[in-house]
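Each of the next two complexes has chain A plus one more chain, namely chain B in the first and chain C in the second.
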Partner chain A sequence: MAMEITQADQGGIPALSVSGRIDSTTAGSLQERLSELVRAGSRGLIVDLKQVAYVSSAGFRALLIAAQLGESSRCTLVLCGIAGEVRRMFEMGAFDQVFTILATREECAAHLAGTTAA
Partner chain B sequence: MRKPPSLVYGVDERPPRSVTVLSGFQHAALISVNLIYPVIIFRVAGVSPASVAALLSIGFLVLGIATFLQANSRAGSGYMCPATFTATYLAPSILAAKAGGLPLVLGMTAFAGLVEGLVAPALHRLRAFVPVELSGLVILLIGFTAGLVAVRTMLGDMGHPPDADEWLAACIALAATVLLNIWGRGLARMVCALIGMAVGYVFAALTGVLTAEDFAAIAGASWLAFPALHIPSWSFDFGLAAAFAIAALAAAMKALGTLTVCQRTNDADWVRPDQARNFRGVVADSAGTILSAGLGGVGINTSTPSVGLASATGVASRTIAYATGAIFLGLALTPKIAAVLAVMPRPVMAATLLFSACFIVINGLQVVTSRLLDSRRTLVIGMGLLAGAAVEAVPAIAAGATEGTRAVLGSSLVFGTVVAFLLNLAFRLGVRQRVTLAIDPAAYDPAQVEGFLRKQGGMWGARADVVNRAIFGASQLVEAAIEHGQAEGGLELEASFDEFNLEIRLRYRGAALAFPLARPTIAQIQEDDGARQLAGFLLRRNADRIRAEQNGAQAMVWFHFDH
Partner chain C sequence: MHLAIDSRLPEIERATNLVLAFRERHGLPERDADALCIVLDELLSNAIRHGLGGAPGHEIRVALGFVEGEITIEIESGGVAYDPTLAPAPVLGGTLAERKPGGIGIAFVRNLTDSFEYRREGETNRLILRRKVAA
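So, the complex of A and B:
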């Protein structure tokens, strides 16, 4: 199952919905897409991983690099929809303590609205 | 053994007296619901209400002694794992009660206790022939037959058809139990079945379902007296041996599971069951059943709800088990309580049993579906379940059985289990325990690895959670070997399974991967080599054991998953 990315607007914030596998063959294009949005000047970025079945070390690395790039550009990366095996992978690598992870896109948008207002 | 943070009083700790007494009463109340099983069996056996009361007093005595035995570290497991009467022996005991009255129930119960004790040392090895999904089917059939006993109890299997008041009493008792179970909190929720029974009793008393004769029996019972101990007569029927042997095996497996929960509750670093303690625990459980049969009672088992309660409250000290045992001994000296239980109205029995049966059925289903089930295993479980249902739905099957086949065809539990057991043996033929997959790095498709392991997991009946871990490990490993191990030529992925272990080996020409103990820092992960280091760390965390070898140009990585 290849990776697919679709973009939507969640309360004025770009929300990427990722599906499939984020591995060494697909992580590059996800990182590129995230970097483009950060460079475009967005104040926040939502990544919905509800449809993702597998994240490898290359996938985590891509998300980390995008989050670091966002931090230096004052763009906060927030993840949502993480459940089942993918949640186990995040917990196994202690990435649940590195990223801001919320349940839904709505919660992410509310969180980012609060962060940018402050 | 390191105490988990959620545990307030571990097995070796001594809680304050107030906590000990209150917890003891909570466990005794929780377990008392299961007194319904001996009441039903004694009634079917045609025992008079006065004798049922006397036998229930002895039942309390047995529960007290068995709970002490299990809590003792030398005689039993040493855990807070009280004894209870159980649905496991209900269906076979009813068959025995109908065929030969109380002596046959007691003789066959003693036989079951003996079988449980004999299989105790071999339980670990039996897993290959009685896989988890088959144990789940046995639990499912026990729940199914218990539910049918509830329906038959209500519909007049034990006398005249129910009148309007009895229907209402059953509905009220069931409604009270269900309402408290779903919307109740704390202690009320935990003892919802006991409260539901009390509500049913009150309604039965107000509407005349409990007769003047019943009230006279209660009034005539004294508040304090020693149980009337005597040596009961036993009899044995070869035709029922299979039913009781299967129930004994189910009781042994349930005891094993309950004791394992005790170990996990008490040890934050728990990895695998303590075989020696489990063995002593199952033997103590079997001794309790033999003692029960010797004194005039029915089969007992470890109380899973009680162990669940200990885990939920964080009070798992064995002192609580001694307190619970002492309360049972106290109840054995109180014939008045036994007399109240002995006249239990059938709507109360039916409602309580129906409620319990629902949970046993679902518990069985959960155990069955915890394994990946391919077509073979689906057929094993499906055929077994339908065979059991057929015995109950088509009485002609049992009625038409010859003397030689009655032992199997006369019981839904036995017929369903035997059909599933034989099919499981037959379907094991041709299933290889070691399989390999050749991977071409130039045309690597991740779905290939996932499909391969999922299909094999289904054929082996492996646990879904362990197979998921193996899929992640194998996918990440192949990806890392191709990306960072510079694998040249083909890779060979090997998977092997033997019910206790799932092992994955990957062989390739290239550099062996390293598996760091600590996660690389965020800065390190972002460097060029970050993904490789992170892959190694994730792979180490994912498997129970991991090893890498480099032999010349050949690399091999081995994962082990406890199963």
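So, the complex of A and C:
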């Protein structure tokens, strides 16, 4: 499986669950999907990477560009489900220091509710 | 195991499929296969973008070997001389807004392999990488 994205609602916030691999052949469609949601006016976005096998630099680029677009559009991107080798890649690229990373979608939704209420 | 791909980004998926077959043949751990996939994704996309200027129609050859607990990756491509081992270390600090999206791929390659060598042989860019598989 290359990559699949499923979308759900988590406490009023769009939550994307990504599975498979995020690399140079799949990152473009992830970035497009995230950018669409930011432009649609969502106040927050949850991206669950629990089912992701690995993320290459093209994948981090897509996540970073979407998060930066979100920041300039008052839409906070929050990540969850990052463990094992995927977490190691986040740490290797110091991406754990620029993204907001929480354990579960529920925690992400609670975080975003607090952020947008403030 | 060998593979020749055309110099287009969608072709990299064929290299990913080669890794899956390679993993099965040698009974390699998943983390090593994933590392190989990342390394190939970074180096093949770099060869296409930088060495070949994004032009399709050029052959890139990939060979994978596994001997005495060590994986060998060899990549041969044409185009201008392009030595990714000379890529500078990325700047990793700063806020979300300050962070630049590029420059991390070669750092991943260095981190996921034990050796990373470049040779210019005639008109060919040749990369040789090695990764030890934990016993």
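Going forward, the second predicted complex is superposed on the first by the 118 of 118 C-alpha atoms of A that agree within 3 Å, B and C clash if a C-alpha of one lies under 4 Å from a C-alpha of the other, contacts with A are read in each partner's own complex, and residues count from 1 in each chain.
Just so it is clear, a residue touches a chain if its C-beta (ideal position, glycine included) is under 8 Å from a C-beta of that chain, and two chains touch if they have at least 3 such contacts.
Source: prediction; values computed, not measured.
In the three-chain model built by superposing on chain A, chain B clashes with chain C. By the document's definition of touching, both partners, chain B and chain C, reach A:Met89. Number of chain A residues touched is higher for C, counting chain B against chain C. Of the two partner chains placed around the shared chain by superposition, chain B and chain C are both touched by A:Arg21.
In the superposition on chain A, A:Leu102 contacts neither chain B nor chain C. When the two complexes are overlaid on their common chain A, residue A:Glu71 makes contact with chain C while staying clear of chain B.
Of the two partner chains placed by the overlay, neither chain B nor chain C lies in contact with A:Met3.
Where the contact sets of chain A with chain B and with chain C meet, they give residues 21, 23-24, 54, 56-58, 60-61, 64-65, 68, 85, 89, 92-94, 98. Here chain A touches chain B in the complex through residues 1, 21, 23-24, 54, 56-58, 60-61, 64-65, 68, 85, 88-89, 92-94, 98, going by the rule given at the top. Every residue of chain B that touches chain A in the complex is listed here, in rising order: 446-447, 468, 472, 475-476, 479-480, 482-483, 519, 522, 525-526, 530-532, 534-535, 537-538, 541-542. Those residues of chain A that touch chain C in the shared complex are 2, 21, 23-25, 53-54, 56-58, 60-61, 64-65, 67-68, 71-72, 85, 89, 92-94, 97-99. Residue ranges on chain C touching chain A, taken from their complex, read 9-10, 12-13, 16, 30-31, 34-35, 37-38, 41-42, 44-45, 90, 92-97, 99, 101-102, 104-105, 107-108, 111.
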